[in-house]
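I have placed the structure first, in the form of structure tokens, so that the comments after it can refer back to it.
Chain lettering (A, B, C and D) follows the sequence in which the chains are written, and residue indices restart at 1 in each chain.
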Amino acid sequence: MDFSLLLDPYILTEVLVQGFVRGAMYALMAAGLSLIFGIMGVKNFGHGELFMLGAYAMFFVTVVLGWPWPVGIAVAAVALFIFGMLLERTLIDTLRRKAGRDWVLDAFILTIGILVVLQNLALILFGTSRRGVTSLIDGVLVWGPVIVSYERLMILGVASLVGLSLWAFIRFSSLGKAIRAASQNPEAAQTLGIDIRLIYTVTFGIGAALAGLAGGLLISIYPAHPTVGFEPVIKSLACVILGGLGNVPGAILAALLLGVIEAYSAFFMSAGWQNVITAGLVVLILIVRPSGLFSSSKVERA
Amino acid sequence: MALLEIQGLKKQFGGLVVLDGIELEVQQGEIQGIIGPNGAGKSTLFNIINGIYSTDAGSIRFKNRNIANWSVHRVARFGIGRTFQVARVFNEMTVLNNMLVPSVVMTTSRAEAVRRAEELLELATLGRVRNNLAIEISGGQKKLLEFVRTMMTDPDLILLDEPFNGINPALIEVLIGLVRSLNQAGKTFLLISHEMPHVSQLCDRVSVLAAGTNIARGTPDEVRANPAVIAAYLGQ
Amino acid sequence: MGLEVKNIVAGYTREVPILNGVNLTAQDGRVTVILGPNGAGKSTLLKTIYGYLTPQEGEVLHDGKRIQDLKPNQMLGEGIAYLLQGHSVFPRMTVEENLELGGWIMRGDQKRMQTALDFVYARFPRLREKRSFLAGILSGGEQRMLEIARLTMTGPRTILLDEPSVGLMPSLVDEVYEEISKLKDERYTILMVDQNVRKSMSIADYVYALALGENRYEGPREEMEKKLDDIVREWI
Amino acid sequence: MTAIPARARDANPWRSTPVRVLKVLFLIGLLIFIPPLIDNPYITRIFISAVMLGVMAAIFDLMIGYAGLINFGYAGFLAVGAYTSALGTFHFQVSPWAGLLTGGLATALIGLATGVISLRLRGLYVALLTFFVGESIRFALSNSPEFTRGMLGLSVRPLPELLGFDFSRGNILAYYYLLLLLGGAIMLLLTWLVRSRFGLAFEAIREDQLATQSLGLNTTKYKLYNFTIASFLAGVMGAFYASYLGILSPSPEEFGVYRTVEILTITYVGGRGTLWGSIFAAFLLIGLQEYFRGLGPWRLVIYGSLLIFVMLFARRGLAGFKKYLW
């Protein structure tokens, strides 16, 4: 192994861009997962299927209808926002009223059921073939030794924009403040007139929209097929744990870190061993620091 | 020599001092009550004796050993049983199986354990519901079940945390009868309660806790007449 | 008018009601204090009024309107604010955000929100100084100020207070009652549950003493003050 | 002392003890005689799948249903048993019969280690930790093709002849009866375990750890017993699975999350905390799957919907219907 290769600017940019694109996908997924967990205590194992549905929505809009890609991304996000709210109101809300003290674990199992159903419905409706596009935008940016495709720049751009908007929404909008309030002290939030059930529904919708958006955005790299959500959900689950359960900025940071680590380690080992590294890292974190890498507070072990 | 002797016990959570130098002694064979206004630190005291919380300072001598900071199960095996303010029964187990859980770590035979359990259930008027799931019985019955379940470990000292809370008058009579007869059989009790009539009925001595310290001790009548106690209940 | 509670029966389970027919009236613009020993049902009463518990029997009227079928999050819209027992600030949000959330139900109206903020800051200059601090790093006393200030953001007519001084260091308790008496001067209707008998009596207009989920004593402050020692003696 | 409720329940003659014994004997009879009588390898394979997955689900239930510990990397644990046995034969000529034991022991070791590192965690965190442990195992297997042949697939020798019984691959009835013996032994062991003092300890831990400790039980110790015993049995089943299947590959369907979900669904549909419910649920679900084979992925949709339905509306699973069916 020639380590000096890594300092080569061509390779370095390639690795970093590759890493950030992956990281962006993990971040979009992990932000939604973490948001949903932080506020509702639901670890959504079916989050990858929302990614998958986003990818199909994107394919439908851009390839079947032939509309421009920004419309596709918007449609993916909005469709999944609505779908997510429906899922919450019909299934998760019902469970909340029935489960009592086992709620967190039972909600996790419920989302597994959702995963199985959605994945196989997709198989029935769309078949096994991969439906993607070669690229949403053609061309490459050449800047000195650095060569990056416009497509990847677009992905990074859109992901950053969405990340920023999410941050601004949670930080500044009144609904965003209500969501934060509900996560910090639901009982007090209720006394201020905030409808907690509505907050839960909207939160799940937002998480689903982020997953759908990620699925649409990355369609050229991950073409739509029924099991496309598997890798993103596992990796984003890892990021959520690394970042600290319910800590959205932590999850995003962990996602970018993981993306770059994976891109780098692609130089040293096969993709298979990367997965072992990721899983091993998560196990290690859960053992030594269950509150995650970026959290100062002690974790509630529920 | 007292059965339980607590000296200089201190505990803080964050910056808030909850227990500030508690002194307490419980003699073998007595029934002692602990009363005090809300936030006096009564339940915290039990949780520390029981091993749930660590201590910041002080000693807890029980049967001549300092049991401060022992693990919960070790304290239990060394002879301290307890109940909780809200009864912690095993909801999805039958009443009888609730009773048999302590026998897991005892040397008695299963048949012997079942016999003892049924005897205690009868005394607690729970014989009829022994095959029901614990979740199906009333709140008062749960409190009684929790109490007799503790008795299965054959403890020397039993800590009762608000035993009369949320339980109907008939069951209170049962409970008081049980405590009395077990006491006559040599068991020692320390109980937290705000229901003074029952405390007076049962207890030889009462300790008053307020703001994390003990401010008075004596017979129920002495305590009731103590101006410092009334002042504590009136607040500052 | 004010707040009227008529013959309320309520509890966490049907079989053991905590409140067994409580009656009380909080007069408009007055401070009404509810006293009682632990377990008398004081906090449960506030929770029932605020819609956390549905009464099995009885009525709750606010300015003549039946409110017992409303949910907690609809109460502020009816002009009733509620200070929960214990900490209720949002610790990882700034002081100003906490206040804005106090005005959540008027979120569409930027002008009204600003007026409310200005008003609150004028009342609590210390909160203005610390407006951009996270609420979690404020001192215990400041957090309680913030909670009280937050209650007034929407200009409610009635305020329910559950143990406003519990868990505070003794030195801060006076400040809290000073704030409450300011609220009294501003003619809010206040219904307060309190352990700190003397302090709450000092600002009360009318006092109820509950026992075992029922009315025990009631009367204007002056009248009740004379009986205070006797009332408290019943608790111990 | 009279136990009125219990007596009242027994008043129904269909629920009296002798009738129950007959019903159990009848079901066992069906298990023993249907496959040879029908004598159709397809039916026999369905029976094998159902019994095997049912027993695996009952072992899973020992953890989740009795002690409240979820092993969401369960399929990875089965893989340890399967691969230990198969690799032992492949590389070191260990008899596959001994492999049943080595598979179990290796998995017990992994289970003990996982138990130790997950002790501080609860509920969801145990699920996440075990999930990633399971995935690590699977990835490690697929990434060491020089030793495990990875995704190429490891062929496993059939069980050698024992006591005159022929276990060549064609003779699946022999595998079926071996499974009935092995599975029966495991089920009896599990039943004994949950009815013993251990079972009481496990259930108490599931219900309330602090109350359990306050009664003098060292909850840590019993959690480790639970996890280790369940892992040992899972390893034995994994080793049997390897011999029966003949070829192993660490795919997600075989030893990954899909297999875990399949087993978990059987456990939940059978009813948490009811060992024998898992066997009934396995026959129901495997039966449904086969019945709807023509429907392709629809059968998995039914699978998932059933899990959702159980979580929302029939929270005790089939066991909740026991009074109507049994």
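Here is the rule we use: a contact is a pair of C-beta atoms (placed from the backbone, for glycine too) under 8 Å apart; a residue touches a chain by one contact, two chains touch by 3 or more.
The model shown is predicted, which means the values in this text are computed figures rather than measured ones.
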* With one step meaning two chains touch, work out the least steps from chain A to chain B. => 2
* Touching both chain B and chain C: give me those chains, sorted by label. => none
* Asked: Which one of the chains is farthest from chain A, going by Cα centres?
  -> B
* What whole-number Å value describes the gap between the mean CA coordinates of chain C and chain D? -> 55
* Asked: How many angstrom lie between the CA centroids of chain B and chain D, rounded to a whole number?
  -> 42
* Quick one: report the Å distance separating chain A from chain D, using the average Cα coordinate of each chain. => 33
* Structure fact -> Pairs of chains in contact here are A-C, A-D, B-C, B-D
* Asked: Inside the complex, what are the residues of chain B that reach chain D?
  -> 50-52, 71-73, 76-77, 81-82, 84, 88-93, 97, 100-105, 110, 118, 122, 127-132, 146, 149-150, 152-153
* Asked: For the complex, which residues does chain D have touching chain B?
  -> 1, 3-6, 197-198, 200-201, 203-204, 206-208, 210-219, 273
* Touching residues (chain side chain B, partner chain C) in the complex -> 15-16, 35, 37-39, 138-140, 162, 165-168, 194-196, 208, 211, 223-224, 229-230, 233-236
* To do: Flag every residue of chain A that touches chain C in the complex, lowest number first.
  => 174, 177-178, 180-181, 184-185, 187-196
* Structure fact -> Residue positions on chain A within touch of chain D in the complex are 43, 91, 94-95, 98-99, 104-106, 108-110, 112-117, 119-121, 123-124, 230, 234, 237-238, 241, 270, 272-273, 275-276, 279-280, 282-283, 286-287, 290, 301-302
